[in-house]
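We just call them A, B, C and D in the order they show up, numbering each chain from 1.
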Amino acid sequence: MDFRRWDDIREDLTALYRDLHAHPELSFQEHRTAAEVARRLGELGLEVTTGVGGTGVVGVLRNGAGPTVLLRADFDALPVEERTGLDYASTERATASDGSDVPVMHACGHDMHVTCLIGALDLLVSARASWSGTVLAVFQPAEEIGAGARAMLDDGLLERFPRPDVCLGQHVFPFQSGFVGMMRGPSMSAADSLKITMFGRGGHGSQPQNAVDPVVMASATVLRLQTVVSREVAGDDTAVVTVGSIRAGTQGNIIPDRAELLVNVRSFDERVRERVLAAIRRIVRAEAVASGADREPEFEQLNRFPLLVNDPDATDRTASALRAALGEHAVLDLPPAMASEDVGLFGTEAGVPTCYWFFGGTDPGRFQKALAEDSVARSIPANHSPHFAPEIEPTLTTGVKALVTATLTWLT
Amino acid sequence: MDFRRWDDIREDLTALYRDLHAHPELSFQEHRTAAEVARRLGELGLEVTTGVGGTGVVGVLRNGAGPTVLLRADFDALPVEERTGLDYASTERATASDGSDVPVMHACGHDMHVTCLIGALDLLVSARASWSGTVLAVFQPAEEIGAGARAMLDDGLLERFPRPDVCLGQHVFPFQSGFVGMMRGPSMSAADSLKITMFGRGGHGSQPQNAVDPVVMASATVLRLQTVVSREVAGDDTAVVTVGSIRAGTQGNIIPDRAELLVNVRSFDERVRERVLAAIRRIVRAEAVASGADREPEFEQLNRFPLLVNDPDATDRTASALRAALGEHAVLDLPPAMASEDVGLFGTEAGVPTCYWFFGGTDPGRFQKALAEDSVARSIPANHSPHFAPEIEPTLTTGVKALVTATLTWLT
Amino acid sequence: MDFRRWDDIREDLTALYRDLHAHPELSFQEHRTAAEVARRLGELGLEVTTGVGGTGVVGVLRNGAGPTVLLRADFDALPVEERTGLDYASTERATASDGSDVPVMHACGHDMHVTCLIGALDLLVSARASWSGTVLAVFQPAEEIGAGARAMLDDGLLERFPRPDVCLGQHVFPFQSGFVGMMRGPSMSAADSLKITMFGRGGHGSQPQNAVDPVVMASATVLRLQTVVSREVAGDDTAVVTVGSIRAGTQGNIIPDRAELLVNVRSFDERVRERVLAAIRRIVRAEAVASGADREPEFEQLNRFPLLVNDPDATDRTASALRAALGEHAVLDLPPAMASEDVGLFGTEAGVPTCYWFFGGTDPGRFQKALAEDSVARSIPANHSPHFAPEIEPTLTTGVKALVTATLTWLT
Amino acid sequence: MDFRRWDDIREDLTALYRDLHAHPELSFQEHRTAAEVARRLGELGLEVTTGVGGTGVVGVLRNGAGPTVLLRADFDALPVEERTGLDYASTERATASDGSDVPVMHACGHDMHVTCLIGALDLLVSARASWSGTVLAVFQPAEEIGAGARAMLDDGLLERFPRPDVCLGQHVFPFQSGFVGMMRGPSMSAADSLKITMFGRGGHGSQPQNAVDPVVMASATVLRLQTVVSREVAGDDTAVVTVGSIRAGTQGNIIPDRAELLVNVRSFDERVRERVLAAIRRIVRAEAVASGADREPEFEQLNRFPLLVNDPDATDRTASALRAALGEHAVLDLPPAMASEDVGLFGTEAGVPTCYWFFGGTDPGRFQKALAEDSVARSIPANHSPHFAPEIEPTLTTGVKALVTATLTWLT
């Protein structure tokens, strides 16, 4: 593959990245992003369909006989207030699904994913003489809430468009820019998000004997939930249970009537997952009883990310190609990640292999310094941090090359 | 005292009560209420001063030689959403001190206190031939946040107006309407409200090892705070420690960087109070250390209500007069209450006796039924409940008569 | 009353006290003590019955017409290892009811109670010309486990011996020797002792996922039990819930299959008591469920002490007599005590008044110094401490005089 | 290798196994066992040294030039009460190191290890014509407390006897008898056992305000320790923290002055281990502060097992030989085990490879049934269970053959 065309378009794509970064949109609200994507796909000559699964955009690049490769980029942002200090930092706000006004930031790099895929499509269009087959470009909404892949599939993605033979995708991650990282087999954790409401009985703060205190109830529950991982998951199994939010009451002298917990569960094994979820329910219910609650707690599944399994053969094949294109040492073998993604649904539902990789986003000098100081976890802002800001280069170039290279592995 | 005039004004005052109830205002925002009070005091011929300690109103009724009796009514409301279903229920909202938009309700009966005092002043004006001395009517803002009495005193209440010889006041309470209840000696608890902020280190919900989880930290703290009362306060001492609010995080999969607790402490003894407050600080700090926090917790005293001590002699004298006026059985001896009030500051600061009593607000039939079913605590809405709604009569009549009678005890 | 005889017998009784102190016996094992008591009662000419309610001893001193006064002294000791350093300190050991070998100590002063009652009986015998009626001397076993009074009553105490008209008794306490303290009305708390066994499922310490960990279960229960007092007992009610013992496991690397809690509950009101006991059961059961226990916890009531109510009239009458005999300032009015006693059962069962008082056991100089330093609670060893050691004088003299004086109040 | 001799000695060794099983001895008390071992080694013609590292026995079998293979069998038992119901079950009791009288049981199969090694030595002696080199038979005391290997090394094992070129050993485990299981690389967890003493201030159960309650302190600590694994160990790292024992107090109504925790920590990585141990110390100290303790907690390291790392090459070589001897399917690849062993110290200290494997002890029919019912963890008694009882055959035969085969891999 000849990457000279890249030099011609890099500046334009850098501008696109900065523009997307400055204008992040929440899950299922990606109207501006979708319009920009559709416009550019149209300019590249793809068949473009918008509104797939809400705000999703699908582009089809047909180029003769051959397999169909699904390339996926997610494009939603997060309710995080950007503190990167970049000149293209976001100052956007939006209305969250609960009606509240929140800041918005591309704190997970989906702007980079979109830019890389647009760039890769441009190169593939330019080089169409050198390959044959079909590229199915999937710009997915609402990855952050685990709902976008499901929505696109439910909206007929596999029926309305060429059926893929393999699903490829990538995610920017806080390791050294210029490198890609491959995972083989079970690669990214399943994730379940639950909203748990526990009911007490409100009252005056000075009369606890006439109330059932949901603050104590919820606090005892949070402590007890720590035992799920410490006592019910084997040391050599993997699970994480995080109560990311606890909310009850508004004043010190009023005992509120309920408390709300938001719980996130990560797992790599369906049996472990089921045991953990059952233990959470058991503990929550028992702690309500311990407090003398009059009413059963309520559980709401907010979202569910599937386990991502990278097909070993597809991964080996992709890794070989990336090694040839990026250099032997630029391709890392990574262990499974405790992060979650809904990208796996496409391949699972289509019954075809998935290969999904990470590409580094951290300035090489900064990363090497942090490594030397053993401070990576502390000093390199990770995804979802208000300070998360991929170095544009060589991140963008690497992401574009990786996508093109991986695609051509299947189409030449 | 001849209460026939009462029949002439009762209808008007009932309308005033309904109007005040429908238009509650938060602490230090009582502009409409203050204007209405000032207007009526002016009509009654009192010397009126507004803006005392923010929104407070002082009326002076001079009637010859004799002692000065301070009569106090508080007039602020609460950020509670009214659910009484009354035709004069509040639908007001206001901006709280933290900038949030909140519902407002007279959920503690201060509208009744204002109405009774206006009525009592009208009767005292009408009957001025039968007594001599001075009545100092104090309409106090911001009782709910323990700040109004302090503000009025700091604004020169004792210097700018006739200095009281005794301080009287009353509060409507969820016992049988038509009755008053007297407490002798230490009568209403001291109350301290604290805001505690505990600092963790935020991170991704799947990477707790790189974070310090403030949800766990705060939950462990709440449980440990239960030991203050259970282990550090003697069985025969009195203290209540309530964590009325716990707040941390917004999503299940993000570990937040801090948690906030609102704590309310009730006590009847300065040594117990100090031990409890010291224990809270010790536990909060130690639990932060246990979690590996990088930063010390922060403590902010939101408000502080003093212990209310009813002067025994003044109380006995008032009780006798009330028995004569309302009937022997209508005056109850009550034990100290776990509620708090800043009314005691006036007498303490002036160095004169205080007598503060409760008057019932619950429909007699309903109250007797609840008594018979042993369900008072469960079935009668207490102060601060969204269902708190005094029966207008005989509550209003009783409150007016009690105020007039008690005042004349000192002025005839 | 002429107390000159006291000078003749004091030395002998001091020797008796030292001997009893050096030879303490556990509840229902007081064979040596009972034999010595019986021998001395016989020498004084009383009708003596041994083996009443196990090891109890009853002496009857008939002296003509008149009322019958029951005088009660308890005589069992505690499984505490004495650390007083006294030359007559106990080095005894005994087999506890659970089969274990334990140290034994008169750490609650029952040796003093016995000595005082023997001394008082001697004086009453010597002075029989000056009074008439009957003295029923009750030497009770097993007060420490709340079982001895019940056992003597069940063994026919009220039927086999003269029926009392009043029940008197006294207890040495860590206030100034030479003083007595009177309580009126509800005076000593009810106490319930429970043994709670919680069942987990044992396993290897490295495989918690295959076990149900009773150490975590019991620990969570202990923390949750703190909420009974902090949240379910009103601030102005009185209750204490103490988990005095927690036991589970023998090694770090084996998860045991059960945990045992010993819980003690103090209360002054039957409704509070019932609510507390119900809350304990509710919490223990719910925490077992939270842990996923296969088996319900078990509850065993180890003992139960009744509330002690001092008859107001009998107390006033006794207090007046003691003031006359010991000095106006030597008789203190004490608030109710959080300690418990089964002495009240005698009067309750007989339907006659009880008057039970405390007498000081601490060296006056030491006590005044501690008072001045505000260190009484910390520096004066209390009952049940391994350092508890009443100063023999003036404690013994005061106890004897108090008993004789109180008795004669009813018999002259 | 010709195993026909095995048929001649099997009956005798079965009798030896039964005898050892019936006469278990605690760590460093293995006098009877050591004597029996020494006697038999002497009969086989080995050079025998007793008292190595306390009760250890070393036998040297020299057979010409060649490498030295260290074969290790541990021989101590556990303070567990046997409930197998076997006719050769132990009824032994012994005095534990804390002076208590405890039951003793070979609940970890060391009796089987000894028997297999004696059997293997017999076969090696018989077949000395077919191999050359030296066998160093190490019968190690006190494996259960992680002290025996250390003691033998400190007593000059590597200096006083032929220096090994490889260290081999095996452990019976609750999988199917007839099978062996190999682990490669980090194979058995490091284990640290700590005794933690937390100090409160004792007092009467009714006066918690004058005490510092160590039961609450220790219980809060146990709950907080659950957060070490749930919050401070990454989901994909491995650690187990078990509080196997909590002990405080003897009675419900006495607040004790201290509590004791026995904690066991498993880890596979020195950084994780250090973080976990530091977190435990931090939490214990902070919880003491939270309780207002006057005295710092005390930490005592009871024992420490090193991480066992099986040399990959040595393991592959041994596995191949075992496959040839026992059948292709009888050799399993096992994942790392959460169990711990001090066997690794020999190789680590000598700087030579270690290969340590498991051999199954469960009756094949029973195991297959449990597998089919998915009840292995629940229905097959594991090591340290009072029901742990290896099926003698084919366990014994497999263990002997495995040892001989592995040894000859290095000596032929």
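One rule holds in what follows: a contact is a pair of C-beta atoms (placed from the backbone, for glycine too) under 8 Å apart; a residue touches a chain by one contact, two chains touch by 3 or more.
For clarity, every value in this text was computed on a predicted model and none was experimentally measured.
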Partner chains that chain A and chain B have in common: C, D
Pair joined by more contacting C-beta pairs (A-D or B-D): B-D
Centroid spacing, where centroids are CA-atom means, of chain B and chain D in whole angstrom: 67
Rounded Å distance, chain C centre to chain D centre (Cα mean): 50
Chain A-chain D separation of Cα centroids, rounded to whole Å: 45
Junction residues of chain D - those touching two or more other chains: 189, 206-208, 213, 216, 220, 223-224, 226-227, 230-231, 234-235, 240, 266, 338
Partner chain C, residues of chain B touching it in the complex: 189, 223-224, 226-231, 234-236, 238-241, 266, 335-336, 338
Contact footprint of chain A on chain B as seen in their complex: 79, 189, 191, 193-195, 202-208, 210, 213, 215-216, 218-223, 226, 240, 242-256, 259, 262-264, 266, 302, 338-340, 377-378, 382-385
Interfacial residue positions of chain C with respect to chain A in the complex: 206-209, 211, 213, 216, 220, 223-224, 227, 230-235, 237, 279, 282-283, 285-287, 289-292
